[in-house]
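I have a structure here, written as structure tokens, and I will follow up with some questions on it.
Here the chain labels run A, B, C and D in written order, and each chain numbers its own residues starting at 1.
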Amino acid sequence: MRYVGKTAQDIKIAYVGGGSRGWAWGLMSDLAAAPDMNGEVWLYDIDYEAAKANEIIGNKFNDAKGAVAKWNYRAVETIGEALTGADFVVISILPGTFDEMESDVHTPEKYGIYQSVGDTSGPGGIIRAMRTIPMYEEIAENVKKYCPKAWVISYTNPMTLCIRALYRVFPEIKVFGCCHEVFGTQWLLARMVKEYLGVEATRDDIKVNPVAVNHFTWLTSAHYRNVDLFPYYARFCEEHKDGLEDGGDDNWMNNFFKSADKVKFDLFRRFGYIAAAGDRHLAEFSPGDWYLSSPERVREMKFGLTPVSWRKQDLKNRLERSRRLLSGEEEIRLWTTGEEGVNQMRALLGLSDLVTNVNIPNRGQIPNLPLDAVVETNAVFRADSLEPVFAGPIPAEIHPLISRVCTEQELVSEGVAERDLRKIFAAFVSDPLTRCSLDDAKVLFREMVENTKAYLTDYDLSFLGG
Amino acid sequence: MRYVGKTAQDIKIAYVGGGSRGWAWGLMSDLAAAPDMNGEVWLYDIDYEAAKANEIIGNKFNDAKGAVAKWNYRAVETIGEALTGADFVVISILPGTFDEMESDVHTPEKYGIYQSVGDTSGPGGIIRAMRTIPMYEEIAENVKKYCPKAWVISYTNPMTLCIRALYRVFPEIKVFGCCHEVFGTQWLLARMVKEYLGVEATRDDIKVNPVAVNHFTWLTSAHYRNVDLFPYYARFCEEHKDGLEDGGDDNWMNNFFKSADKVKFDLFRRFGYIAAAGDRHLAEFSPGDWYLSSPERVREMKFGLTPVSWRKQDLKNRLERSRRLLSGEEEIRLWTTGEEGVNQMRALLGLSDLVTNVNIPNRGQIPNLPLDAVVETNAVFRADSLEPVFAGPIPAEIHPLISRVCTEQELVSEGVAERDLRKIFAAFVSDPLTRCSLDDAKVLFREMVENTKAYLTDYDLSFLGG
Amino acid sequence: MRYVGKTAQDIKIAYVGGGSRGWAWGLMSDLAAAPDMNGEVWLYDIDYEAAKANEIIGNKFNDAKGAVAKWNYRAVETIGEALTGADFVVISILPGTFDEMESDVHTPEKYGIYQSVGDTSGPGGIIRAMRTIPMYEEIAENVKKYCPKAWVISYTNPMTLCIRALYRVFPEIKVFGCCHEVFGTQWLLARMVKEYLGVEATRDDIKVNPVAVNHFTWLTSAHYRNVDLFPYYARFCEEHKDGLEDGGDDNWMNNFFKSADKVKFDLFRRFGYIAAAGDRHLAEFSPGDWYLSSPERVREMKFGLTPVSWRKQDLKNRLERSRRLLSGEEEIRLWTTGEEGVNQMRALLGLSDLVTNVNIPNRGQIPNLPLDAVVETNAVFRADSLEPVFAGPIPAEIHPLISRVCTEQELVSEGVAERDLRKIFAAFVSDPLTRCSLDDAKVLFREMVENTKAYLTDYDLSFLGG
Amino acid sequence: MRYVGKTAQDIKIAYVGGGSRGWAWGLMSDLAAAPDMNGEVWLYDIDYEAAKANEIIGNKFNDAKGAVAKWNYRAVETIGEALTGADFVVISILPGTFDEMESDVHTPEKYGIYQSVGDTSGPGGIIRAMRTIPMYEEIAENVKKYCPKAWVISYTNPMTLCIRALYRVFPEIKVFGCCHEVFGTQWLLARMVKEYLGVEATRDDIKVNPVAVNHFTWLTSAHYRNVDLFPYYARFCEEHKDGLEDGGDDNWMNNFFKSADKVKFDLFRRFGYIAAAGDRHLAEFSPGDWYLSSPERVREMKFGLTPVSWRKQDLKNRLERSRRLLSGEEEIRLWTTGEEGVNQMRALLGLSDLVTNVNIPNRGQIPNLPLDAVVETNAVFRADSLEPVFAGPIPAEIHPLISRVCTEQELVSEGVAERDLRKIFAAFVSDPLTRCSLDDAKVLFREMVENTKAYLTDYDLSFLGG
């Protein structure tokens, strides 16, 4: 990499994963639109054919309308080739297949345990962590070996536990986790600003202080200019306590990813702070009686339980689209992703300063959560530097809920690090979604572990008994 | 107070409360048996007649068989008289009457919320805190005014929150909270030592490391000499997983205070650490689905829901006994209480060293709980000094459960300190026993607050609406 | 204050102090040049005539060439008038007169104690703190009373202790301390970048991580883009170990404020980190044998001992210039001050984001210095929000030096807060510049306190004996 | 090891070092006098002959008058034999010979640097640490390999850094460092109690709260029963400010280990807290101008600079005594050592509880010193357990002095761990005894390192230059 005037050239980005397509194409679009950066993107996926397809599609972006930067895409067969000399590493993998995810999400339903996402927390998130963390440990070893100074951006869930694993294995790693859930809440607040203040605002205009952990993030302050948005939001929650429904087709009833923000409003009405993630995620971190006790309760709260069958179909659609893009049937077009990966790279290269929210270990930015636990707060990106901004203690009203989540994640992290099923099960059985008896929980745990066994490495499974 | 040889003489003890009799008589018995201490006990209770009765009974202890120390008892009408010049202050009050407690414990049953004790945690404990903490604030002001250097021993529930209030109002206060629940677990372990090692052991022989909060205390290590008792206890829990029942009459089926330790064993089987309180208390701090979801579940777990009607009857019995003692119908006799108050006083006077468990603010003895929260650990009692012993971090397996409890207590403490019903309700609605909806919880909260209104001071009740 | 499009209008700034002119005029110049802000500046000084003169001069700035914003200046006779309704408060006072400062700086010379500045640390800084902190306590009370939500910018020395006092008296205050010493070091690095990399860089291009305390600030990293500047600086220090002297007239030999950076280079050669303040300040925080053992040593290290007689003359010059500006003999001209006050206000108004270094209480941004001690690090200024950026622990090599300084300041802070001469003297006698015996130190302390007595309020001076 | 009734039998103690005799014989005497313990002592020293001599002498203790326990002594040629199966390990080694110590202590005198002991702090202590810590690293590896569960007692200087190294290499090690300096201060206080209160008291009767680091330990409270001894000590210091001299021959003028406590009193008069080590040690941790600026100043303060020539002669005397004991010329006699090693073992075996001061890593017992730094405070010894007692923060008056010491030790520890001469030199050059210039300090450092080179392992000495 080298600087020419105010631009950075010959940057090397390694992309690990991306076989499931969605994320990779978004990054390609953003890179093509960056006026002050160019270089190469090396693609590595355990499915080499998928990487190869991305290589071809990626290179087509150079000729898309609106593209101002040229990036060379190149698929490789080993992770070492991709990482060697990389300035940046992007990780976005699917741990296992959707078959394992199907077990994670739906097996617990036998015991009346419903999960709206099942990839972060609850029984499903815990089992997913068991197979994902070892993969991340391997990636950490590879970063340490091939590009210890590179900046790493990770998008995989369970986000918090993946980032935690990277730091555990290679403490000097320079990695952060990104997620757009907070952005969604900023857009919701911008909409409210328009409604109540009559001003057009964008996400960037809404200055927030996010705290806590990914997918259960909360805002302890929110401003438009120096207007405190909390009193407005209190009114907003009351006015929309039955949910904020869009007139059109694209609402919670026919889109598994949408919600009516009713959970979000219920949480504000309980505690007075803004929960800043989608309702599907928020519900999974709350006590099981609150929002996920039954499919009826879910319907009443106007969000959806995303079935894995849907994800399987969606993947098929993306693969079909990939085919069309490769064949030229469909034309490559740039779009605004709303993601910040490229802006973050720009700031780390010293081309600008950036303050935004990320997931990194707690260095004290949240003084009343454990040090080293991965938390989500604002951070400053500058020349080769990423440092958290002090976010302050979690307010007393929501601290019990969050301290429990954070310490449960620490327990899962420790349990997987030690491959200690006893500890992992202690988390599994005390997760608030697990409302069955100790004996049932043990049977369920066994079945779920069995279903993901192909991806478990180094575990001593004797705890499962026989 | 003055020293004569190896004895301390002319000690002044102020006893605040005691009108309900039980605790006061125990202390009288222990004082009478202390060979190296004597002095005066000044009795203050809002019910002066009760204090007067205790004065007469107390003085009779001097002539009881086995009494070796002489103590003069004296009832007074103002707290100032009792406290002025006191070396020690003992506080043991009933906050309100059993009518308020009846509401605390039984009103939530309408919403399927069952409480086995209802004086520490859960909806009942929270409402009780609302009326008790202001009383304790007043006591703190009086200690500050009349005897700022005195050592204060507090026995009232909710223990943790009472101690917290004393330190908040008068940070230099020298107070600790005492509870015998851990002692009971030491006796259980002594019984196990007898069973498996064939050795007679007493409570003192079982060296334990207690952590966490009162009534939800856990042992992270337990030794008899240098024998680690954990492997033995693992076996003990499996062998007795259906409960440890005594043959005689005095078991969980006919004694509201007894249990079969089945909750205790279930918790060990989940997490691998020894819960060190009675099952009735442990159940109240656990998620509501585990042990208190219904009266049937309680029966299955072989512990009891102590009805307040029983407490009312029991008080009548004690008052009747008081009458008999006053009239001379019943003779005063010393007995072994198993409490440590007098030993603690002895150590604080510099007559001996003592290491035992108490409830005091966290100064770092439990590094992964909040500073200043009141926690239960070992501490060293020496000449005019009480300092906690480092207890170590709460192990990962039980940290989520305990961090939640501790932070909820902090929230209640802050809410009552600020008389902020919004905060208190945030605790109420997120307590794991409160499994009803936000709207129902609000209705229940209102009713319970109404029922205890006579004892609420300085609260802005507008949050309750109208 | 209100927003009109992308500008903030009708801002009210209160200026406390400014009688000695220098600082006030700089702010006037910067305000006049701000395209997106306007409003009023209310001037309060204990010398009303001085404020009045500033009012006239300030209003003249509106007509100066290059002025793009209009600000109305207005002198008032009470601090309450100035503060009421203020959006911002700027504090820049001279505590006492230069007569007291003369004693602070020169009395210790009798005992061989030389001070290059004498307003921050060492015997002089400590005595100055004794009279300044009570003034700041009063300001804090006034801010609390008249404008508790205003943002306060403080420039007075001893900076750290003044900020500390404001937070102690009014913990909710929104204040930060500003100082340009770090900027000077950034300019030095920019000069080095030009010399070694051949690139023109400005202060803004040099991204640094400042840590520690004001006037003894250190940089633990420094980048130009993503180029690590430390290896270059190591070479720079060796090449210039005899000092960096400018050819012209304006160097350390004839300017009491200049130095040849020889102390700065010596410190880097000892410890490997960049000391980021002027040599005159750095010398005062170092052990007394290093740079201030004698006037000869000072000369050898090529910096100056600023005599207070010079300050007295300089003040006369400024007053004379004030006369000329008032009379119109001298024309008002805008200049580039290099200060950041106006940029900070802009960011706090939500008009932009800003990351820069300031002095605020340690919330954990430097984990190995005491919490609440005032430290200098980067911070993020955004809409009504100022939060520190995590700066990391002080590196082991310089931690002993800095921990000592920081804890000494805590001791002075505590001593003055309690008006406890015993504690203040404990700091005085253990300051590394105080190399005389305990008995001599006591005599010196007495004399210096006597000399500033007119400005001491509420002290119990009995410790000074008779 | 096994329990028989109230005794512990067949204990295995490994003794590492002891070749210089003094300490070993003391332990032998204490063991012989222990009524409830017996077993074997395995002796390992790099000088096998020395161990062999100790074996013979040790076995003779069994027949000494007053011996009540039988211990079998056995010298072995490898450390592995000694450690395997050990219940306790005692370490007391001389790192290098007195020739290296001669350089440590006396080489700095060329530059006007005087050291009264030279084995803990200052230039001599730092160089000694460079050769001792690697030896301790090796011991830690051996304990990990041969007896990871054993309790280890260490007596070697620099105490703090040796203990630190053991925990760094083997974090699970169960080790503590013992030193009798605090005991000496307790005896001094007992003497004062006798003088002012007219009561005979022993060391045990004086209850103290020690804080800080070994050899620079301070008492923040001291009681005889519940009498606060601080007001008495204030008077004591004034009355004896010219030193406390014993009439007899055995005083500071003719005994290199004695002092008149004048430094101790001077420190109390400065800061109001009781320095609790011998003056020779206290002087070395204080700024160099205070007590060690010249031999005249030392004489004035009435303590001694212990010359290494004296130590060499003293060793000869001990070897001669060893010869006499071996030959039977001199009879073995038990004496009261005043050390606590055997009492500590007894408590760790669960035979009693013990509260006393030891050196262990900071777990928060001193909240305002760095975690993990080795500090001296009280601790509780119980069955297989040693936990620190909360000692409280270092008071503001003495915190600057102590924070500096503690962080310098951390720097040395880190420097030696990394064999990084740059860091070690940063400590060397900023130690308050090193009052020479940067250039002189570098020359001195080189010479001292050269003189101990034979014992340095794994260091990259290129920093010393050529």
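Note that in this section a contact is a pair of C-beta atoms (placed from the backbone, for glycine too) under 8 Å apart; a residue touches a chain by one contact, two chains touch by 3 or more.
Being a predicted model, the structure only gives us computed values, none of them experimental.
Touching chain A and chain C together: no chain. Chain centres here are means of the Cα atoms, and by that rule the chain farthest away from chain C is B. The geometric centre of chain B is 44 Å away from that of chain D, both derived from CA atoms.
Centre-to-centre spacing of chain B and chain C amounts to 54 Å, using the average Cα coordinate of each chain. Contact with two or more other chains is made by no residue of chain A.
Counting only pairs that meet the touch rule, the chains in contact are A-B, A-C, B-D, C-D. Residues of chain B touching chain A in their complex: 266, 269-272, 287-289, 368, 370, 396-401, 403-408, 410-411, 414-415, 422-423, 426-427, 429-430, 432, 435, 438. In the complex of the two chains, the chain A residues touching chain C come out as 3, 207, 209, 221, 223-226, 228, 348-351, 353, 355, 363-365, 367, 378, 380, 382-385, 387-392.
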